[in-house]
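In what comes next, chain A is part of two complexes: it sits with chain B in the first one and with chain C in the second one.
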Partner chain A sequence: MEVNKKVLIVDDEAPIRRVLEFKLKNSGYQVLIAHNGRQGLELIKTEQPDAVVTDIMMPELDGQQLCEQSNALKQARPFLTIVVTCRIAQDEQQWINQLQDTLFMEKPFSPARLVECIDQYLGIKR
Partner chain B sequence: MNRIFRQKAGLTRLRFIIVPLAMVVGIATIALALANHDKKQNMRQIYTKGNYLVSLIATHPISSLGNERRDIVLKTLAKFTYPQGVAYCIIHDAAGLPMIVLTPKDMAAKIPPAVKTKSLYAIGLTQQKYQMNGSPKTFYEFATPMFENGQKTGTVRIGFNLPQVSFFSIERMSLLAMICFLIIAAVTFVYYGITQVLHPLTHIPSELTTLNDDSAASIENPQDSYSIHALVQRLGQALTRLEKKLKDTESENVELSTRLGVATFEKNQIVNILDATNYGVVITDIQDNITHANTFALSLMNKQLAEVLDHPVAEALPNKDIAQFAARKGSTQPVSSPHHIETTFDDLAPDETFRVTFSYLRDDDGTPIGKIISLKDITHEIQGEKTMKEFVTQLAHELRTPLTTITAYNEMLMDDEIQDPEVKKEFYNTIRDETSRLTQLIHNLLNMSKIELGGLTFNKELVRTDWLYQDCINAAEAAALKKQIKVEKLVPDNFPTLVGDKEQLKVALNNVLSNAVKYTPQNGSITFSLFESDQHVIFEISDTGYGISKEDRPRIFDKTYRSSDPRIVEQPGSGFGLAITEAIISAHGGMLEVESEPGKGTQITIRIPQEAYDLGSQ
Partner chain C sequence: MKNIDVEPFAGLFSSLAALSQIDVEVWNASRPVFSSASRPPERSVDSQARDFSERVRRRATFQHAVFGDQQHVFGMPVSNGQEPVGTLIAYTANAGTLANGAILDERPETGSNQMQRLLGHLAGLIEQHCSSQTEIESLASELTKALEDIYVYSTVAGQIKSLKFPGRKQTDLAQDIMEAMRMDLAFIAMPGREENNVIVSRKDFGANQRDLESFVKNLNAAVLRDPAHETKNYFMINASNQNPAFSRLHAKAYRFLAVKIQHEGSLYGWLGLVSFNSDEIFRRSELRLLMSMAEQLALVIFGSDLYYDLERLLIHVVKSLVQAIEAKDEYTRGHSERVSQYCMLLAAHQRMDDQEKKVLQLAALLHDIGKIGTPEQILTKSMSLDNQEMKCIKEHPQKGYDILKPLEQLSDSLPGILHHHERYDGRGYPAGLKGREIPYHARLIAVADTFDALTTNRAYRAARSPAEALAIMEKEAGTQLDPNCLAVFEEIISRDLKVKDNAHNF
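Our next item is the complex of A and B:
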């Protein structure tokens, strides 16, 4: 089922990028890939994805900085951000809760569950 | 007690008799002395007059004078003829017969015959004392011979009445009265003066009765308290009590001195303990003025103790956080429990953090009498917490990332979403690689745990270094190939052997080689050398990688530390590979040396003794 929606994957781990790309493409999404936060921010601005899946621990610009800097763009054009992380600290959940349309998903996560979240946000029914 | 009162009353009555009697006797004695003095004075006058008159008459014999002059002399003599002056004047001729007799009418008859007729000159007397017949009066007679032209012509005799001295004369009575008045006045004045001087002493017993001494109660009559005897008695009692009190005070002084010595010793001990502590202590009074600061706190303030004593703590410790917290705590916070803040000082490094704790000093009633401000340097604690947090985060990331990959890939395969056999194979390979990565990580974690707990075991064996070298280089070459990194091998013709644990040495060398591959960019090169030197086997691993920064250099063997360099962070790794390597090499008695230049590369040299090191029974 082809979905005319773009999902941006931001992760420095190649195996993660690969499996998410595969799963999202299988679900009919157009997939954009970024290796770090800086590339991801550029693609958010230029490609205007409908959803962003990002890791936190990344070189150059980490996931928290990416989310905070891209949050301002959501007022003009809302989009979903799913933060996948292995951190368990409470302060991490706090800054995620303060951002618009941002979800928290703890590693290890299920690719199917991730796609369900994106489908639900974008109102896609299968 | 009644007997004592009766005795005291009798003494008082006797005193009222004796004192006036003594005064009368005294006055009488003085009067007698005065009368005697007057009598002697009169005697002296009579002797002077008598000698003068007889000499005068003898020098100018009346017989040779003319009638006119003779009358004058006689009249002059007559002037002296008073009851208390000249009684008579008789001039005898050479034969002793009275020639001229000047005397009152009945006077000549009263002169004793022996005196009348006797020639004084004949017996050689010039003066004599006698009593007139029938009269108690005493006469003094003065006589001297008269000469004219070298011939004795007669004798002149002049008798004098001894003046009667009246004991009760008006003058004497007046003088005595005046003397008595002066004596009484002087005695009264002296008594009053002494009483006034001693009056303060009357308070002594009453003040000292508070000292629980019953002897002061023996003075019952208030009037008695003003007598000198009573005062002296009181003074004596007071001195006794004072002496006793002085002894008590001396005893107390000795005890107090002992206590003071003990207290001073204890205080010095406390000060020494405070100075020996590795945190600052500032003690203030309730107005926040400093009463003591230990050495640590003084070094923090960069001042001497004398400079900060009695100064407000906000002035000596220029820190806004402390001043604000102290003010807020003083006004709104309960005084029961201690509180603390964390702060930094402008004069120190920005990351040098202190935990400042406030608590109250209290007296026995629990009333706050001051504050204790303790300052503890928690820089290392904070750094440790931060490092540990980063370590846990990094470890969680390193564990969960391969786990996530394995889970996701497995889910995809299980859901039969992968149709392409090549992609399936790729997915299986990825699961295998990530499992291997996870296994290696867990293996490192266990090793690290064993090292820390002292449970790392070694199998002592003869290790062929050619086999060890080959095992290590194979893994490194496989990883280097993916990044197109050139691997250069430098080995001797004859490989040496050593005694050690081959598997553990392989772990140690693989960690170093793995780092070399990870932190060397594409198209770089790695050199792995092995040679023998001085009974040591030397392994040298050099690369053309990112190098180690000066900041990271001291902590590369810290298991909880991983560089914040983005080029390092982007590579997977736990951060304790080198820590494990160092522990293994140390267990073999070897050494690990690191030389690195940021941007150019790193060389790590491992020296392991061939034989000498004993791994023990392990």
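Our next item is the complex of A and C:
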């Protein structure tokens, strides 16, 4: 099923990128790839994705900075951000609550659940 | 063959076209997916090209043709490793004058050979690229499944750690397995342990609990009718509609996986999953995962059985011990057992948890154990005791404490035993504790102990009726007995009396 929506993957780990790309493409999404936060932020501005999936620990610009810097753009054009990472401390992810349309997904994560989250946000029924 | 399969070579092909005027097209089974000509000429879709591409694929070898008068066309099959899935077609500029013979020799035969080599290399590149893409895709697919498995493991492992019987934890476990493995229904069915059976289903599943129960019951019955269940540790059906015994159990087609919950040869029951998503089948990794869940579950059941067996044994040993001591005195026979029963009524009323109940039960059963060291003639004496004898009697809480102190399992029950003769006003023994300083269990035992003493025959007096006993105790509220504990006790006993009264009247 083709879905006319763009999802941006921001991760410095190739295997995770491959998995997400595979899963999202199979679900009919157009997929954009960024290897770090800086590329990610560029693509958010130029390509206007409908959803962003990002890691936290990345070179150049990390996931938290990416989220915080792209948050301002959401007022004019809302999009979903999913932060996928390992939880170290219980309250570590509090900054996420401050941001618009931003979710936290704990690793180990289920790719199928991640796609479900995006589907749900974009109102896609399968 | 798709456009993206050729994309990495687009630059190469356009350079080739610019340098040597060779235009390249890549066809899949029915149409061109790439062309290096800036404006795809009409020939791309004309029937001549289509037929030529078709011929190359069918023959699976290099082909050469001339379209019209002078248009030389060469074709090379592109294979996916097993069979040709597309073709690479090269069009030369008007024949003979091509690129000053740079690539095409003037003699058509040699030119054709060179073209064959060139196209062979190019097709090889595309094939290699496609196969590594396919490989990456299958790795990504495997990795996706592995991630799903890890997710399920980590979710469910957390539950297993805190799994305890009895409790609602096995419901949480079933719920987690169902959600993590994306099933529509999960159940734990253990004959003979119905209180531990669990059925959970997805919210949108829509069936009521009774229908679910009968579905699960029928599933289990169908498994037991199938001879396969005896030899294997699991039972799996990927398409219910192909198995008459299972297709009639539900209107919709489903897949069903159940694994045995067993430990060291004893079978406790089945852990089962049902999904109505018939696009997928159960994976081996899912089966293995479910089997290890069932193993863990069995281990927990085995462990908790063992625990309850030991606990029952402990209580029985304690009761026998107490009976042996009480046997010396006909007046106190059964006293400790009754005190412990009153305490259990109090415990139920106070909604104590199981652990605390056990501690209180043991304390109540053993509260007079110290009398084992008291001379028999003092215990059974019908006349009032002298000071020396009284002193001896008053030693029994401390003696009981000392006897039981080495037993670690009883450590929580010791305060109740040591202090059951303390008085609320502080004039009791052995420590002279006052009010809330007296351990709660000791205050409860004191109330139950007093009541039982008053309502049974003694060497020096006859038994009082429960109502009389309560009236006497009432006067001791706040002096000997904790008024709160006494109030609760009175409530329980009066309710009990009323029930008996009613039973008597009817």
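One rule holds in what follows: the second predicted complex is superposed on the first by the 124 of 126 C-alpha atoms of A that agree within 3 Å, B and C clash if a C-alpha of one lies under 4 Å from a C-alpha of the other, contacts with A are read in each partner's own complex, and residues count from 1 in each chain.
Please note the rule applied: a residue touches a chain if its C-beta (ideal position, glycine included) is under 8 Å from a C-beta of that chain, and two chains touch if they have at least 3 such contacts.
As the structure is a prediction and not an experimental result, all values here were calculated from the model.
J.: Specify the outcome, clash or fit, for chain B and chain C once both structures are aligned onto chain A.
T.: clash
J.: Figure out whether A:F22 sits in contact with chain B (first) or chain C (second), or with both, or with neither.
T.: both
J.: Classify the contacts of A:A112 with the two partner chains as first (chain B alone), second (chain C alone), both, or neither.
T.: A:A112: touches chain B and chain C.
J.: Touching A:F104 in the superposition: chain B (first), chain C (second), both, neither?
T.: Neither chain B nor chain C is touched by A:F104.
J.: Compare chain B and chain C by how many residues of chain A each one touches, and report the one with more.
T.: B
J.: Need the overlap of the two footprints on chain A, from chain B and from chain C, as residue ranges.
T.: 15, 18-19, 22-23, 108-112
J.: Report the residues of chain A in contact with chain B in the complex, numbered from low to high.
T.: So the residues of chain A touching chain B come out as 12-13, 15-16, 18-20, 22-23, 26, 36, 57-60, 84, 86-89, 107-112.
J.: Which positions of chain A touch chain C when the two form their complex?
T.: 15, 18-19, 21-23, 108-113
J.: Under the definition above, what is the set of chain C residues touching chain A in their complex?
T.: Residue list for chain C touching chain A: 136-137, 139-141, 143-144, 147-148, 150-154, 180, 182.
J.: Spell out the residues on chain B that touch chain A in their complex, using ranges where they run on.
T.: Interface residues on the chain B side: 389, 393-394, 396-397, 399-401, 403-409, 411-412, 415, 417-418, 423, 427, 430, 433-434, 566-567, 569-570, 572.
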